[in-house]
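One structure is given below, represented as structure tokens, and several questions about it will come after.
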């Protein structure tokens, strides 16, 4: 880095790397010893106490050797790195907890059995929830992608920065912030009014709620991708006597297709993990239901929640199933994220020269 | 197809062909998609009101809690704000630190990978944070007792510490962890946009790395950090499942005690927990609180977007 | 195949801003007409108004008449899409479609319009168009490679092939060589000389040698100052413009005193 070479020039003395490492190691040992003595030894406390000691010692040492300005610089470097490590601890802990607890029930039954009629002794599985997740996210995608994509086309190709376009951009931004539970309430209100049935619970209600959350994400990412298509390509197409819609359909969309697919995949991953709107709209069925228009339905996140919240007679098995559902859900979300990355990496058209 | 006119120049004597259904349909579809989105947003407002109307006109004794809407929703709004603000207080400095680490401190080769990890973490479903928080809440009790013992003179840390650890402070911490990735992503983005020339000019004048950051990166990224914080706040306000799972709300009114069992719930958590078993005016009450949540998050998000749009006008960076 | 273009009292606007004022000119068929002038004088804008590409930009509009083959391009009921099939355009930066192969790029005008074309007809069209653009020998063995795999000069000739594959009557070129190296420029200039056998060609160029080398007639555009509209100052045989211009501004520009 530039900053380091620059230190060499100006600093009176300099804390060499081995010295800094020694301070770090010393701080870590001191922290572990201190915490062990207090009986509060855990990764988080080691990071906190260790970096406190490290920052202090480093600051004092640097002040003595390098002067006040460089001491502050070292201190901030320490603080920033600590912030990073501090944040990593819970995030690693989340992943560790989910994986270690979820592996117990990661078996064939989990993917092939529903919870229908499961009492004590039987194990049951999340087959019905997996079906539910596929159906609800699938329907939400079918609703959101056309609306979101065409709205993005409107913004980029037809809007011309007019009043409707600017208003739409603003409200789409605001819509990205709608709390998921509010989306659920909207879907319930909508179906209750349309059908006049207060107790209507079905996959479609959940799917509509998910669409409300998914549409703005699709619009934003698609808009960004369509804007990346160089204007020269549109002009080239117009100059060949191609009409506007064919230009969009056959030049703009194919050029942007990788980016669009990435954005849509990420949007699917995002709504797949939503729990709250499904909890109040779909009624967490325990049996397999293939009909999204009738009867309650489950979904993976919902299954995880209800297994935890309403464990029934066999608490331990139920909780184990909840963890496994969480693990499967997280794996699905991660896989979708990675797939999205790969799409944009390998299928992007080679525009560069 | 309406566009099929021969290219042969002897036949295209006319430049008139006109009727192109494709264009009309495509344009109509795009316009209506835009309008549908606006309608959905109006619809969200409308159906929340529609669901809330019974409770809004009902007598105070009929709504949930039996003491009027304000008595029911007030503490929930309080709890929502309290938990979100705790989350924000924790997450803002941390996210700035992480973002600076990734953008200016980490070795370049590591930086893009770390950025990717942060993006990935933003995708972790909230139910997972909820289950995790519930799992580790118990192990936080000693720290809570420590806070209570030594800092108990501050009202926030006073009262009797619960044995479960499922307290307001706990939920604030979990919410902070949940909104960290999104805020970090925003901050990193704006920090990276700092003009390279400014940074190099500062270093060339003999500034240390921290002085360079203080002189160029922080002023440049300030409004970005504010809007990122607002987006994070919006998320924290609306977060449902983690709260529903972790917080054991006791309907504690306007309690400032972050460590005791005497704690108010949050709007989103309250709706999720009580909606499935409620009917009539009770259910309608939950719509009222949903409406309140919608309004609050709407305002917060509008504020965030306003800052972003103002910033992009000034800096030209987007 | 080529047609005469009559421009009568053409005013070109961007929203309320008058960019080009009162142009009247006749462009002869089977000839190369060069438009020269300093930056921002409206020559590209004028060129784009000849095939109604100008109005692709939001807020842009035109008053006056452009008559090709007895029909006013801006007359009532005229379809700009049909106009552009008759009046093709080549752009400053080569812009082959990145998702298409060389062959598909040549056929783009046909394929993008959902027209059916037989296999043999397609192959024939590809070959004649690429031969017409002096590119056939260089690419005939790799027609299925992406268009963006070619060099800049080859890409520009591919774009010309793509334009003539639609069988236009007029070809407009907007600084077609400004993004190319000298050797590619030479190839494109040779091509222009050949194309005028069959097409009416209008070319905008910043390069006066190029205008002198390859055009039959030249128009000089100028503006009086910033914010003022551009005007066609002088239009005449290229020889006359470069040797005995009648306007002082033209002489100054050509002799390099400004611009």
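Which chain is which? They are A, B and C, in the order written, and residues in each are numbered from 1.
Convention: a residue touches a chain if its C-beta (ideal position, glycine included) is under 8 Å from a C-beta of that chain, and two chains touch if they have at least 3 such contacts.
All values derive from a computational prediction rather than experimental measurement.
If touching chains are joined by edges, the resulting network of the protein chains shown connects every chain directly with every other. The greater number of contacting C-beta pairs, out of the two interfaces A-B and B-C, is seen for A-B. Averaged Cα coordinates give chain A a centre that lies 49 Å from the centre of chain C.
Taking each chain's centre as the average of its CA atoms, chain A and chain B sit 13 Å apart. Centroid to centroid, with C-alpha atoms defining each point, chain B and chain C lie 52 Å apart. Those residues of chain A in touch with two or more other chains are numbered 243, 246.
For chain C, the set of residues touching two or more other chains reads 81-83, 85-86, 109, 113-114, 166.
For chain B, the set of residues that touch two or more other chains comprises 3, 20.
Of all residues in chain B, those touching chain A in their complex are 3, 20, 22-23, 25-27, 29-34, 36-38, 40-41, 43-44, 46-48, 50-51, 93-94, 96-98, 100-102, 105-106, 116, 119-121, 123-132, 134-136, 139, 142-143, 177, 180, 184, 200, 203, 206, 208-213, 231, 234-235, 237-241, 244-245, 268, 271-272, 275-276, 279, 286-287, 290, 293-294, 297-298, 300-302, 304-305. Remark: chain C residues 1, 69, 71, 73, 77-79, 81-83, 85-86, 109-110, 113-115, 166-167, 169 touch chain B in the complex. On the chain A side of its complex with chain B, the touching residues are 1-3, 6-7, 10, 40, 42, 69-70, 72-73, 76-77, 79-84, 86-87, 90-91, 93-94, 97-98, 101, 146-151, 153-155, 157-159, 164-165, 167-168, 170-183, 185-186, 188-190, 192-193, 198, 212, 215-216, 219, 243-246, 248-249, 266, 269-270, 272-276, 279-280, 283, 301, 304-305, 308-309, 322-323, 326, 329-330, 333-334, 337, 341.
Interface residues of chain C facing chain A in the complex, by the touch rule stated above, are 51, 53, 56, 58-59, 81-86, 88-89, 91, 93, 95-99, 108-109, 111-114, 146, 148-149, 152, 155, 159, 162-163, 166. Contacts from chain A toward chain C in the complex involve residues 160-161, 230, 232-243, 246-247, 250-251, 254-255, 349-353.
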